[in-house]
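Presented sequentially are two complexes of subunit A, the first with subunit B as partner and the second with subunit C.
This part shows the complex of A and B:
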C-alpha cells in the first residue's frame, strides 16, 4: 500500500490529456456536438422540404418542368376552387370530430383501465391493437366491414331485424364522412388511453385520499384534481394526434379516394391528386402548405383551451 | 395488312404461342437483329404495372429474358400496382433519376413530354410493319405539337359487358343488346327478376371512368371541344345523365362507393347479373368458380344514339426518360416486345386481357378461340382518349384524376342532383382546370 493518499483535483486543476479530450470536457463544445446529428437530420428532413414546399407553392412548377415564381397565384386559384373548399371543410370536420371523440373516449377508457381488476394487464394489451395495426390493413378490414354488399355490420343488423337492407356506408355523403371519422377514432383511442393511463398513474394517491377524507365525491375529485393534473398530458396528446389526423392520407385513400363526389376529400388526398397524378406540383404544394396556418390555429386553440382549464 | 400478311403473322405468332403454351421463351430471339447500335454494357430498368392476370407477368418476363438473350442487355423489372405508376414515374421525371423505361397509363407522357426520348423511329417501324396503331393509341403516344412520338403505345386492358347468360334469358333476351336502349330494357328486366346490374360510381379509376365516359360520348356529350373549350353543360350531356339515372335505378344498392375491385367481387358472389369490366372476371371464374363459369358471357359495350362505339378503356404506353444512359437499348427493348413473336404469346397467355395497340394483332388466333374473348379484340376501335375532344395533357389528366365526369354522373344518379345541376357543377370545375 502506498503511503501517498490520492489527491483529488481541486477547482483550479486543468483537465489533462489531449486537446480533443479537453475540448470534450467543455460543456459549450460537447453540447452542440451531441446535438449536431439531430439538428442536421431536422434540417435535412424537415426544414429543407418545408422551404422547398413553400417555394414550389409560389411557383408554377409542374412535374419535370422548370419552376418560375408566380407569387400567390396558386393560393388565389385555390380560393376559387370548389374542390379545395370541400377539402378544407372535411379536413376540419374530420379532425375536430375525430379528436373530440378520441379524447373523451380515450380518457374514459384510461379511467376504466386504471382500476385493478382481474385481467387488467391483458385488457391493456388488447386495447393497443388498433393503434399498432398498419393503417392500410385496418383500412382494408374496415373496407370489408363497411362494404355495401358484404358488410358484417349490416348482416348482423339485418339478422337482428333492425334494418331491411344493407347500409350504404361509403356510397352516401354523410355516412361516408362519419364512417371515416369512426375508423380514425377507433385507431386513435388507444393512443389517448395509453397517454392518459400514464398521466393517471403519475397522480399521487395521497391527493385523492385527502380529498376523499374531506368528503369529495368521484365527480368532484375528477373535476378538481384528476383533470387539472391531466391537462399537460392532454396538450401533448392532442397536439400530436391533431397533426397526425390532419395529415392522414392512407386511410382515406385506401377506402374512398376522396369520394363519393368529393365528400371525403382532405388536404393530403387533394394535394396528391393534383401534384403527383395531375402533375401540377405548384398547386399541390400550395394545398399542402395551406395546412400550416390551419395547424397553427389548431395548436393555439388546443394550448389556450388547456391553459384556460388551469 | 400492308407489310405483313395474315398468313405470315400467323406463322410468326404460332411459334410464339406454342412457346407460351410450353412455358418457354419465344424462338424469335435467336434471329433478332437490333435496328439501332446498342450502347456497350447497357442494362435497363423497367417500371411496370403488376399484371391483372398472372400469365401477363409470367410471359412478359419470358419475353424480357429472350431480349436479354438476343442482345445481352439485362432488364430489371420493377412491378408496382397500376395505380402507383403515375406517382412513381412523376417522381422520376421530377428528380431526373429512376427507371429507364416506364409503362404508364392514359396521357401520362403528356404531363412531362420534354423529359422523354423521341421514339418516332420505333413507332414508325412498328406501325409500318403491323398495319398501324389504332387512333386512340396514337393520341396517347404522338405529340401533335412537336410532331414526334414520345411514347410507344402498348395496348389497352379493355372493358366489355360481362353478364350471366341464364339470367338474361330468363329476362327475355337471347343475347346482350347492342344499343343503349336495349341495355336499359335488359337491365330493367333483370332487376325485375331480382338480378340487378352493377356499375361503379365511386372513385374507381378504371371501371367508373370506363362506363360513364362511354355513356357521355354515346349521347354526343364531351367535356371540352377540339380547342379545349369547356362544353360539358350541353343538351347531350343532360340526356346522357338522364339515361344513366334510369340505368342506376336498376343497379344493386351501394355502387356509389364502388372502387375498381367491387364489381368483380359482387359479380363473382352472384349478386349482380351484369357489369362492364376487363376479361378478368371471366378468367378468374374459369379458374376458381367452375359452377358459375359456364354461365358467364361477354359482349361488346352497347352503342349510344351517336351510332358508333364510344369506348373508354385503360390504355398503357411505354416511354423512355432522357436521363437514361441507354436510350438505344431501351428503344430496342420496346421494339422487341412489340414484335409478333413476343406479342402473340403475351396476349395468348393472358387470354386477351390487354388488346395490343397495333392493328395487325387483331388477327391473332386467340381472339377467335373462344367467343367470350372475341369482344375484347375490338375494344380499341371507337375508343376515345381521356379529355376528348380536347388535346391530351395536364388539364385532361387533372380532370380525370379529379373524377370530374365520374362525379357528375354520381351526382345525378346517386346524390339527387338534376342533370342540369350536375352538368353545371362539372362545368364549373372543368373551367377551373382548363382556364388555370
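This part shows the complex of A and C:
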C-alpha cells in the first residue's frame, strides 16, 4: 500500500488523543456544547413560558380548567375594562414621574459626588444602599414611616406646624399615588447616580479645562459639554430603568396592593390579582402580554445604544 | 486635588444622603423599640428604652430562621448555577465564535429584558406540569432565568476585554480549547466573575414575585415573602418584629456589598457599557 498518504495532522498541530478529545477541541462542537445549558434553561423556563403566555392570553384559561381558544376576547374585554384603563394610566404616570425625578436627582447627586472631597468614598458607598437593599424590606420600613396613625413623618410635619392632622399617605388616592412615586424614586436615584458617575469620569478633564480657559461659566460647560456627552449613558439608564419601573411589582404590592380603589393599580399588580387571586389566567396573561410592545421598543433602543461604537 | 468643599456641596449632599438612609435608620430604630414605645412616645424619631425583645421573639416565635436559611440556600444555589452556566456560554460566544454565536448573544440580551412580570403566569402553568410547585429548590432554576441573561451579558463584555494574543499563543503551543478555557481565560476572568457573583446573589436575595406565588407552605418561604405574608396578618402588625426581620434580611446583602464595593461598581458600569 505504497500510495497511502501520511495522516494529515490538520490545519494546525492540534493535540491528538481519542476522537472525543479531538471533538471537544473544535469550536463548532465545543461552542454549542458550552452554550447548551444556558440555552436549555432559557428555552424551557423563559421562551416556552413566553409563548405559552401568548396562547393563554388568547384562551379562557382558569385555574384548574381546560383552556379553550377564544381569540382576542381577553384583549377586547380589557379595552372596555375601566380598572385596566386605570392601571394603564397609573403605570404611565408612575413611570414618567419617577423616571424624571430619578434622572434629575441622580444626575445632581452624581455631579456632587464627582469631586474629591473629604469622605467622598464613604458617600459614594452608602448612597447605593437603597439600590442594594431588598426592595420589599425597605418598602416595609416606608410603610411604617407612612402609617396612617403612627407616621413619624406626619408627626414631624405637625410639630413644624405644616399640617393639622395626620396624613393617610397610603389610604387616599393622590397621596398614595405620589408616595409610591417618591419611594420608587428613592430606590432608583442611586442607579442613575452610579451610571452618571461612570459617565462623568469618562469625560476628559482637558475638555472642561479648555472651556474654562475660554471663559465659559459652569452652566454653559454643563449644557454644551457635559450633558451632550452624557446622552448615550442617559439613553441606556433610562431604557433599563423604564423597563423595571413599568413592570414594578414588589414596591406597589407591599405598600398598597393597587389600592385604594385601584388608584395605584399597575399592569403587574392587576395581572397578579386577576390571575393568581381571581384565577382567570387568560385575563391575567393578556394584561401581562400587553406590556410586551413597550418592552420591545425599550430593549431595541437599549441594544442599539450599547452596541454603538463597537 | 481637593476641592474647596463648602456648604454648597455638603448641604445638598447631606440632605440627599439623609433621605437615602432614612428607611434604614427607621428599621434600626423601630426594631429596638418596645411595643409600648411604638404606640406611645414623646418623639418617634428616637428610641428611649432600647430593647432586643423584637429580635428574640422574631427568632424564637416565628419561622424567621427557616426563611433566612431558605433565602440563603436559594441565593447561593441560583448564584452557583448561573455563574457556571453563564461563564460557559459567554466563553463560547466570545472566544469560540461558533456558528450561531451572534444569534445566541442577541437572544440572551432580549431575555435579559423579559421581566418576571410577563412570565409569572405561564411559568406557574409550567411549574404545575413539572410538579415543581412549592418545592424550594425549584426557585434555583427559576431564578436562573433572570440571572443567566444578566451574567452572560456582563461576562461577554468582560471576556471581550481579554486580549486574543493570549489564547493564540496557547493554541500555537498546542493547548486544547477546554484547556485554554480553564487554564488561561478562567483565571483572568476572576474580577468579572466576582462582579457577576455579587449581582446574582443580591438579585436572588431580593427576589419577591416568584417566591410569593410559587412557594406557599410556611416552611418554604423566603424572608421577604415570610415577613409580608405571615407577619402582616390581621389588623395589628408586629412592627417591631417586622423591622427586626427587615433589618436582619437587609444585612447580608449590605455586608456583601461593602466588602466588594469596587466590584459592584465595576459590574454596574460593565453591564451598562456592553
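Simple rule for what comes next: the second predicted complex is superposed on the first by the 247 of 310 C-alpha atoms of A that agree within 3 Å, B and C clash if a C-alpha of one lies under 4 Å from a C-alpha of the other, contacts with A are read in each partner's own complex, and residues count from 1 in each chain.
What we mean here is this: contacts are C-beta pairs under 8 Å (C-beta built on N, C-alpha and C of every residue); 3 or more make two chains touch, one makes a residue touch a chain.
Model, not experiment: these values are computed from the prediction.
Student: Under the stated touch criterion, which partner chain does A:80 make contact with: subunit B (first), subunit C (second), both, or neither?
Tutor: So A:80 only meets subunit B here.
Student: Return first, second, both or neither, reflecting whether A:37 touches subunit B, subunit C, both chains, or no partner chain.
Tutor: In the superposed model, A:37 contacts subunit C only, not subunit B.
Student: Report for A:109: first if it touches subunit B alone, second if subunit C alone, otherwise both or neither.
Tutor: The answer is second: A:109 touches subunit C but not subunit B.
Student: Could you say whether A:176 touches subunit B, subunit C, both of them, or neither, answering first, second, both or neither?
Tutor: first
Student: Of the two partners subunit B and subunit C, which one touches more residues belonging to subunit A?
Tutor: C
Student: For A:276 in the superposed arrangement: first (subunit B), second (subunit C), both or neither?
Tutor: both
Student: Could you say whether A:230 touches subunit B, subunit C, both of them, or neither, answering first, second, both or neither?
Tutor: In the superposition, A:230 touches no partner, neither subunit B nor subunit C.
Student: Quick one: classify A:256 as touching subunit B (first), subunit C (second), both or neither.
Tutor: first
Student: Now for A:150: first (subunit B), second (subunit C), both, or neither, which partner does it touch?
Tutor: Touch partners of A:150: subunit B and subunit C.
Student: When the two structures are overlaid on chain A, which partner does A:88 contact: first (subunit B), second (subunit C), both, or neither?
Tutor: In the superposed model, A:88 contacts neither subunit B nor subunit C.
Student: Where on subunit A do the contacts from subunit B and from subunit C line up?
Tutor: Shared contact residues on subunit A: 150, 272, 276, 281.
Student: Quick one: which bits of subunit A touch subunit B in the complex? Just the residue numbers, please.
Tutor: Residue positions touching the partner: 62-65, 77, 80-83, 147-150, 165-166, 168-173, 176, 256-262, 272-274, 276-281, 283.
Student: Would you pull the subunit C residues touching subunit A in the complex into a rising list?
Tutor: Within the complex, subunit C touches subunit A at residues 1-3, 5, 9, 12-13, 16-17, 19-24, 26-27, 30, 38-39, 44-45, 84-86, 88-89, 91-93, 96-101, 104, 106-111, 113-126, 141-142, 144-145, 148-149, 152, 171-172, 174-178, 181, 202, 205-206, 208-209, 213, 223-224, 227-228, 239, 242-243, 245-246, 249-250, 253-254, 257-258, 261, 264-265, 268-269, 272-274.
Student: Show which residues of subunit A lie in contact with subunit C when the two form their complex.
Tutor: Residue positions touching the partner: 12-15, 21, 24-28, 30-35, 37-39, 41-42, 44-50, 52-53, 56, 61, 105, 108-109, 112-113, 115-118, 123, 125-130, 132-138, 140-142, 144-145, 150, 152, 155-156, 186, 189-191, 194-195, 198, 233, 236-237, 240, 243-244, 247, 249-250, 253-254, 267-268, 271-272, 275-276, 281, 284-285, 288-289, 291-292, 295, 298-299, 302-303, 306.
Student: Taking the touch rule as given, give the residues of subunit B at its contact with subunit A in the complex, in rising order.
Tutor: Going through subunit B, the ones touching subunit A are 86-87, 90-91, 93-94, 111-112, 114-115, 201-203, 252-259, 262, 265-266, 269, 271, 394, 397-398, 401-403, 407, 410-411, 414-415, 425, 428-429, 432, 436.
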